[in-house]
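Shared between the two complexes below is chain A, which pairs with chain B and chain C, respectively.
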Partner chain A sequence: MSATIIFDDALVADLSQQQPQTPWGRRTSKFRTVVILAILIPAAIVTMLWWFSEIPKPVLMVSIYLPLQIVASVLAAIAVRGTKSAIDAVIIVSAIGATIFSLVVLISVLWSIVTKGMQALSAAFLFQNNEYISPSTPLGYGGLGHAVVGTILIVGISALIAVPLGVMTAIYITEVRGRAVPYVRFFVQAMSGVPSVVAGLFILTTLILTGALNQSAFAAGLAYAILMLPTVARTAEEVLKLVPDELRTGALALGSTRARVVLKVVVPAAKTGMITAAILGVARVVGETAPLLLTALKNDKTVLNPFSDPISALPTYIFDNVAQPYPDAVIRAWGAALTLMVLVAILFTLTRMLSAKRLGK
Partner chain B sequence: MSTAEFDDVKIEDVQELEKEIAMRGTASATEMEARDVSVWFGKRKVLEGVSIAFPKNTVTALIGPSGCGKSTFIRTLNRLHELIPSAALAGEVLYEGNDIYAPEVDPVHIRLKIGMVFQKPNPFPSMTIRGNVLSGLKLSGLKRSNHDDIVEHTLKAAGLWNEVKDRLNHAAGDLSGGQQQRLVIARALAVNPSVLLMDEPCSALDPGSTLKIEETIRELSSEITIIIVTHNMQQAVRVADNTAFFLSTDGTPGHVIEQGPTTEIFGNPQDQRTLDYVNGRFG
Partner chain C sequence: MSSTETEFRDLQSAATSHRGDRVFNRIITAAAFTALIVLAGITIFLGFQAVPVLQTQGIDFLTTSIWDPPNYGIWGMLYGSLLLSIIALVIAVPTSLLLSVFMVFLAPNSVAKVLTNLVDLMAAIPSVILGLWAFYVLSPVSEQWQALLNQYLGWIPIFQNSSGNFSGTPFTAGFILAIMMIPIVTSVTREVLGRTPPELINAAEALGCSMWTMLRYVALPYGRGGLVGGVMLGLGRALGETIAVFFVLKIVFDPVNYYNIIESGGGSVATLIVSKFGEASGPYETQLLLAAGFFLFMGTLLVNVVANLIVNRTGRLKS
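And then the complex of A and B:
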């Protein structure tokens, strides 16, 4: 006996007309009401206080609105899903609140740098140097070209020294695994706590006052390298640790020497992370002012020779101008801060783009 | 009479030679041999007195429950065991009659002749499929000119060629787990080893990929000696000429309970524990 399946035409037509839906997103009307109330009531109270009270606005938002919203969310959660979800609500609302708080702080810093810095920006400001310019010279004359050159030179020199050294240190810790690893790791960690002024003082007393070096881009680069090294080494170590051991044993099982394992398998596998290590190292030092005041001094001319003369960099340019009693000089300092930020952003984007080239595809 | 005596001697010689040839035909020459190998991690002894001979161009399966030291044992055969800081070892491992732990032996050279495939597929993520196959040459510094031939030959031997021949320059990470495992087999073959160690090569794979790898093992066994650790008893029956059963009971070091031709171990085991294990009563 054979069974015949009879298709219901209406059913088939109905099936073919199914639309993608998200059934897990459907809510009961009670849920909607409670959520809307939990959002509206604290917002309404705070809006009233905002207009009709003398409480300072930031205090109002942080110490009244946030707790109020947490309490409202907890009550809403209890009403909808029972007491167990109360902790959930506290954690979620606090996390959102903390994120918004830090975003507000960051964006307002960024905002003030951009709005004030933009006033100084012009072709002359970016490409001219500070020669024949006094703090009282109005905007439109002179610029920070020499300081941009100085920052690039100093940071470049320090990166050339600290990135290879830091990566090698990390390779010693994770790949060579010699006897000295605990001590090396301890010293690297201790070095990351060195105040930047101490790095500058160290170069000043050991290399400049002894006459080995002039106060110059190279001397400042050495001081920056001292600060950059621990950051690069620590980050590179963490990244190398992420490379699975299976790759190392796999390479060894193919008859590889340890050096080739590191160079051809481990480091390429951690390439993106290594670039992050270098970027973090640069970010660590690029705004440091104290070592420059001791090792590079300042110079209004553009200096290209890293060994010969004192040199200005963006942090020293900001430091000089921001303390002047002339509004235009202060605006120049803001402009320099903006330039420094954009410079770092461009550098990071470029390195990310270069490292993002994936194979194949 | 003197001529007759001479003939007798000659006949004895020939008989001796014939016997030797017959030996080679059945048991064949021994490629690798472990003699009384014991292994420690720190103070803890994990393997005791393991002696196994691996005849040339055969497949030997090492079976036994988890934690009985099979993987540890296989790693002593190409000197990967010594990479673990607390490792220690006693006994001898002979490759072509010479102790691979002799002081003048370079482990890099040993690992080049005795390749290994691991439990988890480990293709190099920074390299392409083609780059992975050739990575052994690059890593060991071997100079070969016919790279295209090596890539095609080894990928065919590993049963992967048809699936990847049009995308040799794609990243190796784009392959499925089973394909990755066959890729690392091709990679191990590219340096032309005479022994291939496989540590549970199919434990993370689906039945289809497992079947392909088993076919590969059978085909390869005419050219190289294969030693495979497996938890899959059917797999041992399907691929292995010889089988050794490892066991470690109640914290005692693992040792070989029984070894011999696979048909004997599974069909007519001498030890009750072997019988229980191959019939799935424990482990």
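And then the complex of A and C:
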């Protein structure tokens, strides 16, 4: 009658799923009462002051509510757990405070973009260009169609350049595995820190000031490619690492050459991941403004030729309309911000969906 | 030489000497060096522009603060970039650390997952949009905060303001930089704290440690390298940020604003380049901006390389 525990796979799997114990997470009824009191009392005092006193609101929140809440939490912690957990209470209150602060900022940004941007949205705004439009023109006329075309053109050119190069860099690191792997990885990391304005200056001095290129979509695409490449390379590297080695050895054993293993087995196996890498690269650059100001300038007309003329894109359209003394121009800037943010949100959701799909397999 | 050995070597050379493979390897290897070529290209071409500037302006280009033909010096901008980064770090580092402590040790898994996605979304907001928000939403609020800071804490030198003008201050610019840094730093610190071995946490709990003791003596020392690296990656972003700062900071060369963070006027190299590019009156002014870009690049490269070395030493992190 011995109670032997059999460590079969199921039990081991179950045990390894267990979360670490968190004694600070115990809940007793006394604990609950004290915590509720510690939350309600400062909140009540501050609500009273909020309505019935002349103290400026930011001062009230920062120099009265926050200290009050911390003191209340410390007292509650001492009452429940003893003096040792007093600092814990301070950390918990500040951690929740930091989280709320970040969320408030995020929500404020998204809320302003949506509410102010919606005022600008109309068919004309999305499809017309800015020709014959001045900052004082009323909202019903003109739009950012030319800037959307510009963004698509510039980002498309940079993706055509950076995605293959980035994927090839990743293939070098994970498949070819040459002697220079640590160096290549180091340079890619260093490249991811190149400020966007420096990428613009580089294209400006090497290609535009020397007369090789105009300020155009192609020049801007090259500057974007510099920023896009490291993101693509690092994501593609992570993804290629997930391809099981059995696929490689199996293909080699069947007699295929290394090049064929990579091109016909490894890369197709990581197809979704490659698309994720490309999308992340696009999302990284789509809102960059500084390189465009140096390499693409602006243009009120719709430009389709990537080599001929300066060109506007969504970020430069926003840039031109900010700080104009005309309310309609400012609304246009918010409308363009909403368009750009929707674009970013679509890319963001796509990467999430693709990676969820990959993990689900 | 035994026959098996030769056979093996023959096989090995046969496997690598396939012509298609050699071509493939060469193409891939060449592509892998794009990063090096670009970095070297930036250093050489921008450095090439910096030389004549240093020849005509001398070392004054780096040590004086003036933008008045024929004299140019970017000291105020270099210092301004540093000041803005320090303000951003002071706000962003505690916030990010506390945020990741909340996500790793306090929040239930489902909440932590949602927060992770929200932080990533925050990182995805383009800087021009944050700049727009900073100009129209943050600045008015920030001016009130600064007036209050000045009113109640004005006796502290950094909160002095003699002009009564609270717009275009380093405080607001540093604040928007902090908002850009928070998601970057948090994503690293969250992962570093999350990788503290559960055995160590459990052991600390079993010994009766409070959460603070556990953080102080287990989690923070364990992830120290990663935490420092994450902060430096954020710093690299702050140094190179251009557009968001452009909208909220008034560029002032003289006098250099050394510590009055709520006084209107400050500097930033990256922003200088964009704001002066449009009005650059000739090739020489463009060359000055290229030279400024060279020093900006050198600074950010240094910060990033050190940051990556630290992060890599403590184990690779996905970014």
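Simple rule for what comes next: the second predicted complex is superposed on the first by the 234 of 361 C-alpha atoms of A that agree within 3 Å, B and C clash if a C-alpha of one lies under 4 Å from a C-alpha of the other, contacts with A are read in each partner's own complex, and residues count from 1 in each chain.
Rule of thumb we're sticking to: contacts are C-beta pairs under 8 Å (C-beta built on N, C-alpha and C of every residue); 3 or more make two chains touch, one makes a residue touch a chain.
For clarity, every value in this text was computed on a predicted model and none was experimentally measured.
Once the two complexes are laid over each other on the shared chain, residue contacts for A:257 go to chain B and to chain C alike. Of the two partner chains, neither chain B nor chain C is touched by A:74. Residue contacts after overlaying the shared chain place A:286 against chain C, while chain B stays out of touching range. Look at A:226: by the touch rule set out above, it reaches chain C but stays clear of chain B. By the touch criterion defined above, A:244 reaches chain B but does not reach chain C. Ranked by how many residues of chain A each touches, chain B and chain C are led by C.
Using the contact criterion defined above for the overlaid structures, shared-chain residue A:205 touches chain C, although it does not reach chain B.
In the overlay built on the shared chain, the residue A:271 is in contact with chain B alone; chain C does not reach it.
Touching of chain A by both chain B and chain C, each in its own complex, is seen for residues 257, 260.
Every residue of chain A that touches chain C in the complex is listed here, in rising order: 19-24, 56, 58-59, 63, 84-85, 87-88, 91-92, 94-99, 101-103, 105-106, 108-109, 112-113, 116, 164-165, 168-169, 171-173, 175-176, 178, 180, 183-184, 186-198, 201-202, 204-206, 209, 226, 229-230, 233-234, 238, 257-260, 262-263, 283, 286-290, 293-294, 315, 318-319, 322-323, 330, 333-334, 337, 340-341, 344-345, 347-348, 352.
Chain C contributes residues 15-16, 18, 20-21, 23-25, 27-29, 31-36, 38-39, 41-42, 45-46, 49, 94-96, 98-99, 101-103, 105-106, 115, 117-122, 124-133, 135-137, 144-145, 148, 152, 179, 182, 186, 198, 201-202, 205, 210-212, 215, 233, 236, 239-243, 247, 270, 273-274, 277-278, 283, 286, 289-290, 293, 296-297, 300-301, 303-305, 307-308, 312, 318-319 to its touches with chain A in the complex. The touching residues of chain A, when paired with chain B in their complex, are 177, 244, 246-247, 249-257, 260-261, 264-265, 268-269, 271, 358-361. Within the complex, the chain B residues that touch chain A are 78, 80, 83, 85, 108-109, 111-113, 115-116, 118, 120, 122, 124-128, 135-136, 138-141, 167, 169-171, 174, 184, 187-188, 191.
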